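A single structure is presented below for examination.
The first chain written gets the first letter, and so on, giving A, B and C; residue counts start at 1 in each chain.
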Amino acid sequence: MAVTIDDVRHIATLARLGLSDERAAAIVGELNTILGHMDELAKVDTAGVEEAIGVGAEGLPVREDKGPPFPLARSLDAFAPSVRDGFLLVPRLSTHESPEEA
Amino acid sequence: MTARSCAAVRADTAAGHVKAADTLTAAIDRAREVGAGREGLNIFAWRDDDDARRQAATIGDRLADTTPGALLGVPVAVKDNIATLTMPTTCGSRILEGYVSPYEATVVKRLREAGGIVFGKTNMDEFAMGSSTENSAYGPTKNPIAPDRVPGGSSGGSAAAVAAGIVSIALGSETGGSVRQPAAFCGIVGVKPTYGRVSRFGLVAFASSLDQVGVFGHTVDDAARGLGAIAGHDAMDSTSADIAVPDYTAGANADVKGLVVGLPKEYFPASLDPAIRAKCDAAIEHLRALGATVKEVSLPHTDLAIPVYYIIAPAEASSNLARFDGVRYGLRLSGDGLRGMYEATRSGGFGPEVTRRILLGTYVLSAGYYDAYYRKAQQVRTLIANDFRRVFDSGVHVLFTPTAPSTAFPIGAISDPYEMYLSDIFTATANLAGVPAMSIPIGRIGGLPVGGQFLASHFDEARMFNAAYALERALGAEAHA
Amino acid sequence: MTSPVSKSTLEKWEMVVGLEVHVQLKTRTKLFCACSAEFGAQPNANTCPVCLALPGALPVVNKAAVGLATRASLALNCEVQPVSIFARKNYFYPDLPKGYQISQYDKPLALDGWVEIGARADGSPIRIGVTRVHMEDDAGKSIHDRFPGVTAVDLNRSGVPLIEIVSEPDIRSAEQAGAYLRVLKQILEYVDVSDLNMEEGSLRVDANVSARRRGESKFGTKTEVKNMNSFSGVERALEVEFARHVSVLEAGGVIEQQTMLWDGSTVRPARSKEGSHDYRYFPDPDLPPLILDLQWIEKARHDLPELPAARRARFASEYRLGDYDVEVLTASPRLADYYESVARAHGEPKAAANWVMGEVMATLKTSGEDISRFRVRPADLAALLGLVRDGVVSHTAAKQIFAHMVATGDQPAQIAEREGLVKVDDDAQLSAWLDEVIAENPNEAERFRNGEKRLQGVLVGAVMKKSKGRADPRKLNQLLTTRLTS
């Protein structure tokens, strides 16, 4: 399963990483080398083996439906790049309709 | 020269013989002396000595406590991926430049409650991705033992802070060996607790199913006290275990007669550096002489650890690092609209290794590849974990192995990413299986430290510390020779 | 509005629809943190490190949310899974702080449910399957037109608990879709898990639509339709999109799998980028599997309140009410509760039904308030009905008393006394009034005496008016007959 330049562009888009053409080309090689080492895994017999999911046999701990919330020592203004009237501001989406378009 | 031990500082501070301010001054002086700043060893990403002095001043009020805090008056360096209220938390990255966390990690809160003083945020590989601390946006850290060499990574700054004698305890983090390997390279003690032993709330996530806060100590005792102060259940972390924390110093003088020590043959391959093997053999001899039973065992899936690790960790990281998008905190760069902002911020803010791992992680999770890579890796991970379970169930108490396949390499020596990944070859298995592990110094080769690693079964840190205390005592000065 | 789908189209083509309904659970705090989940706070006031996705923050699940999600799943006849797993759904959007939503993928909370939406001509029930119910956290709100050139983000809603209810593609018409939504909403209202308010966003609907020739068993390519803001909007959007599918297919074209957005009258494609839907789901490593004790699940099932279908059946049999009355009285659980309290206190279900469906509902309609806030307590309404049954007040007077009860909340007997509405059946008084009326209406009295029996109503009515509704009609009628036939 070799990684192509199109694959790299596609995943860079999924990950919102702007890659220059040069960098993207270099990454193709890097990923293929790294993934090449992973091929050993395909040879391992994992029939019937459970995936390693979750810590502890007791399962997910739950909390009561009440506050107070975990306090913030400083308000949003202190660390957010752009705040106005309490809202976080970001550049307006070009088509502003849906997550698919962001 | 080393910093005063945690036990000594605590006892003297509690008794009023020493003021916390003076211990702190000693640390500040030592830092200056060794050149801990940017132009020198580059140990600290951030310091706020005035804040540290303010903390030290409050220690006086604690002297009336019936039980002195476990770390009373002890300055502790904290890795820069652990959230603190003062000083930035930048994870060695440009993307968090200037970000001062508005909340504090549970481990830092506990450290303060124990009377410890937060002394500086230490340099690290960006987002804990690396084995040399060369991947920091703030420059590499130099190994205090040999400044032309790396201190190891990703917690290189914290290891260096202890090795340089500035502090006796430092907090780091582990995902694939990021505390143990730098401990080995710097000639100090480094502990990775059982997964779930220590809260991750406030530890900036790299690979959530592998991450743990780890502790560096100049000695086993320092590390035992450090771990004891921060370990324990945290309701803010759903993966934290609700299991009592024993006193890890209780076994300080216990003998190891009858301790069954397993030597997994896969960690002593034919290709192992003979000088490192010799140091391990000498350590093993000491254990035998102390009455431990030493036997060869096998962890057959060991060789698969690196591929498994380098699929799972980047996959989880690609998701954990999605929050760095310029919207709510950290760096924001502009581009064409919102998409442009995301891409400019992330390409401008992340370094090459982080970018590489995010891409790798995104790829192995993407449609069509999930089963072949991620699911497969998680299954093999179960096999790796089962290897340990089988060995520990067979009556073996602890395992002993070399910590790293080499001593500290020169800065800039390794540029091939995969070659760098192989530094984790003896450490990543413990993260994958969730078992506790620690490295202690067992000698030097050409002046460069070598580490020996103990591993134990889940939540059996006490037994692991017993073995480490005993070996440390037996080695004496040999550990640094 | 005429349907965009013609009869001839429907003869050849069949609409296939699956609906995804998102419901906000009414917990006090968010799903994974202790911030308030309440609507309407100042922007970003209800935030903390967790729902802001600050570096190092971690999720901890809300027990009540799990309880409500389980209750909803059981009410929809689902199999609640003892082990379910939270998974990350990864994508970028400014109101999605973590860059992923915590949802459930391979192993959701519940599977294989169903809902009955009506009956076919032959009486067989129409069942719509519920494929799954899963839990997930909501995103915040992105507001595009508050400030020029920027999008304003409010993360108060980020982290609020949702369940997603996914139906099987069993729906075959816009009408069925509407019925499904109404039945679903009623069931969820009965188990009290959400405010279910589409305007406020606590209930959202997305649809998957495809078309196929009648008789064909394979499904056609489906498109997703979003942004419908009411049940009738859903019905219209489905017809429009179905019509579009048919016209494309009839022209020999191919349906492109894409997301369409409803704007109130038409659908248009969302400009989604190629490949942007790869969510890269994987189990969330910050959250161990959710393990539910089988006994706990059984207890939750046992503790379910009476569901609409069961309540309707019981009202029909226990109170001997007809279909129409049953439908009206069980439309909302609070109304049904109110009715039952009145019926039980009064003892005559039909009379109670008439009054609740009549006076009570008319009053609520005018005032716009909810039955849960209604000033007239069931016991007091029952008392009023008792006064009528016992002949203490006339039916007409009762209506006036009721109006006073609505205004003041006072007891009916009290009001009757105070307003002088107690029925008068004293012969002397009745005769006196009758004499007056006869004197005032000599013509009608004479004509009645001469055999025009239908004038009885006029004369009785006049006495009722004079007595302000207090005259006992039965006695009055007797008196009148006696007086004017001699």
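In this section, contacts are C-beta pairs under 8 Å (C-beta built on N, C-alpha and C of every residue); 3 or more make two chains touch, one makes a residue touch a chain.
All of these numbers come straight from a predicted model, not from anything done at the bench.
By number of C-beta pairs in contact, A-C leads over the other of A-C and B-C. With centres computed from CA atoms alone, A is the chain lying nearest the middle of all the protein shown.
Note on chain placement: the centre of chain A and the centre of chain B lie 24 Å apart, centres being C-alpha means.
In whole angstrom, the spacing between the mean C-alpha positions of chain A and chain C is 39. Here the CA centre of chain B is 56 Å from the CA centre of chain C. Residue positions of chain C touching 2 or more other chains, listed in rising order: 49, 52, 60-61, 90, 92, 94, 151, 153, 278, 280, 287-288. Looking at chain A, one finds that residues 10, 14, 16, 51, 53, 55-56, 60-61, 63, 70-72, 76, 82, 88, 90-93, 102 touch two or more other chains.
For chain B, residues touching at least two other chains, in rising order: 99, 102-103, 209, 235-236, 238-239, 318, 322, 325, 327-329, 338, 342, 362, 366. Residues of chain C touching chain B in their complex: 49, 52-61, 88, 90, 92, 94, 97-100, 151, 153, 278, 280-282, 284-288. Note for the complex: chain C touches chain A at residues 27-29, 33-36, 42-50, 52, 60-66, 83, 85-86, 90-94, 96, 142-144, 146-147, 149-155, 226, 259, 261, 270-273, 275-278, 280, 283, 287-291. In the complex of the two chains, the chain A residues touching chain B come out as 1, 3, 7-8, 10-12, 14-19, 23, 27, 30-31, 33-35, 37-38, 40-42, 44, 46, 49-53, 55-56, 60-61, 63, 70-76, 78-82, 88, 90-94, 102. Interface residues of chain B, counted against chain A in their complex, comprise 85, 99-100, 102-104, 195-196, 209, 235-236, 238-239, 241-242, 301, 303-304, 306-308, 310-311, 318, 322, 325-330, 332, 334-335, 337-344, 346-347, 350, 355-356, 358-360, 362-363, 366, 369, 372-373, 375-383, 385, 417-418, 421, 432, 434.
Across the complex, chain A meets chain C through its residues 10, 13-14, 16, 51, 53-56, 58-72, 76, 82, 84-93, 95-102.
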